[in-house]
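Consider the two complexes below, in which subunit A is the common component and subunit B and subunit C are the respective partners.
Moving on, here comes the complex of A and B:
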């Protein structure tokens, strides 16, 4: 896969919506292929790329390696996914950032909290609505304005969702329209 | 009386939305009564809608329009039905007030998000309220204005108890047409409003117990006090933030 084929740099974004009691309401993984300079972590070069065992993803993720390549079948063309793209690692990073977010939101009255936390190649940005709903976004590249606009659109969609009398604070959002709107807005800004 | 129309508009649209989040069996039956596509239709949002079908909730703008306002008498009728419905299902005044409070809570959590969206979404850096007194001020003016079309008439701090605050309304619009019988004289239907306030405070992270009390004066027979008893943690936090 590596030999001769030009690898397409794919940035992935992970969005989580959480209720005030931290119940996950919605999550989205978005891939965009905007060119960005990649940063290699010093640890990553020391790790062998043969590792395909069950915990390899976790191991490389924790060390910050992005050299482990995996084929991603859902995307057209050759797509490179770095280490740390495992679902459980992403969730762990998002969860771990909650403590920081709760600390920052007490002091800072802004809803958009940019880059509250960093974990290897991941930066965590958050958006806290007045009703204490949290939107958490894991991203690799710096893109403050795009993320701000993205959060604003998600906020609007979210307010529309919660005005529905059949929606309660802890109902996961399953609306297909909501999902497609969030995806469209992710495509536009991320 | 501007709060009601918003909800009526958005909630009626949600019934017709083919992608609405339907949890309860009653909801399903409501949807089928309007003979719309089944709720489980998979993503078809991009396909053009048949003419005559109402747009789904995500197509409707959140901003207030003048045409969305409904008459005060229509609201008074609705609220009287709410109170009667509730009264048939409770054991006593306390229970009735608690239920009205719960109903108001559902409104309050939405008012908070919607009203903040309306004021803040256009700004470059939207803000939340993080200080307790500012939150109270904003309830006194902004929440009251978006719910009842006017700010409340007073905001007071209790002299006896440190943790008690009061919002005074001389003539609450929602109880204007309610005459409480003598045997229920301690009942205040503004418990509904208390629920709204409780939800807003809860959402902002200031848990409190909110109750409504009649305090008639010669000039204002309908004068009502919304009593806010905040939890200890709120005061401690305010102290720490000073």
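Moving on, here comes the complex of A and C:
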């Protein structure tokens, strides 16, 4: 019961789309049970997945103070979230990575910024569109090519949504079509 | 006859030197509809305005069409439908909707499809006006016909050639229906001069 590694690891990915002013536009949590190459951190692959969530839960309790200071980033309250305690940690990691992303953006003008930040078992990969919209993906495993293709597809889907005359700029994307297509793309690449 | 119409339509489209980028066209029309919605705030009214705009376009468009196509008088309403779909739509929008004809059950054996009540339905498999468009909930509930300008255009053009028709959408893929269809019903032939003045 206790200890031992689960044979089928469910890798979760968290995607956030942000406007140039860092307003949250869209978020998605995707669970993939694709076989992934072993993670860079040997520690996390040896921990059963329930314990990493437990750790995250502890971290939430500990970081009660720091998430308050992140409050100015947390307009994410307007975005509909899934349940779960470690949701806050995920958000905190995503928000914290924004600073790193801006730094990297100054140096590197490519769109796909690969992994910009690491937090315990979470790697943060970013993609910045020419219009300065940021796509942030939190993931556990290394999957550069898949993530690059995923980001590119999300970019195309997002452009198509922007062309909808009924979509107002910088507001959360509510289109069901967009949502289902992003999910399908996530299933394909992640 | 219909192969001829297809060829004519194709030629006119190819012969046009001034074409416009389809995305720009769709974005412009989309912005127009969204602005109308903001101004009128009532979807039925927006439908009416789109129809009015289409009517104004149609009354002028017919001249352009007749000049380029040199098609003579249509023998009956059925032929009108064929020409509209194969030459009209093709030469202006580069799409060829399919036409299905129907009419009221004939009261006498000599009834042709020239009587009031004759109608045809245009089924559009692609709609260049509605690229990228997704209707929000309120528009769906409010009964917006996004491409209603087309109905106005049909009404306007046909009125200029002595036919009073009623054109309206019966289904729209934007609304979640299976297909996009416009029904054009002949009300009567206009014998006298077309009355001048706003509708």
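Everything that follows uses one rule, which is that the second predicted complex is superposed on the first by the 135 of 190 C-alpha atoms of A that agree within 3 Å, B and C clash if a C-alpha of one lies under 4 Å from a C-alpha of the other, contacts with A are read in each partner's own complex, and residues count from 1 in each chain.
The rule is short, and it goes like this: contacts are C-beta pairs under 8 Å (C-beta built on N, C-alpha and C of every residue); 3 or more make two chains touch, one makes a residue touch a chain.
Note that the structure is a prediction, hence the values are computed from the model and not measured.
Once the two complexes are overlaid on the shared chain, A:166 sits against subunit B and subunit C alike. In the superposition on chain A, A:91 makes contact with neither subunit B nor subunit C. Touching more residues of subunit A than its counterpart among subunit B and subunit C is B. Look at A:19: by the touch rule set out above, it reaches neither subunit B nor subunit C. Of the two partner chains, subunit B is the only one that A:111 touches; subunit C does not reach it.
With both structures placed on the common chain, the touch criterion links A:177 to subunit B and to subunit C. In the superposition on the C-alpha atoms of chain A, the part of subunit A touched by subunit B in one complex and by subunit C in the other spans residues 160-161, 163-167, 175, 177. Residues 6-7, 10-11, 14, 17, 19-24, 27, 41-46, 56-58, 60, 62, 106, 109-110, 112-114, 116-117, 120-121, 125-130, 203-205, 237, 241 of subunit B touch subunit A in their complex. On the side of subunit C, the complex with subunit A involves touching residues 23, 26-27, 30-31, 33-34, 131-136, 139.
For subunit A in complex with subunit C, the touching residues are 160-161, 163-167, 175, 177. Put simply, subunit A touches subunit B in their complex at residues 20, 105-112, 128-132, 152, 155-167, 169, 171, 173-181.
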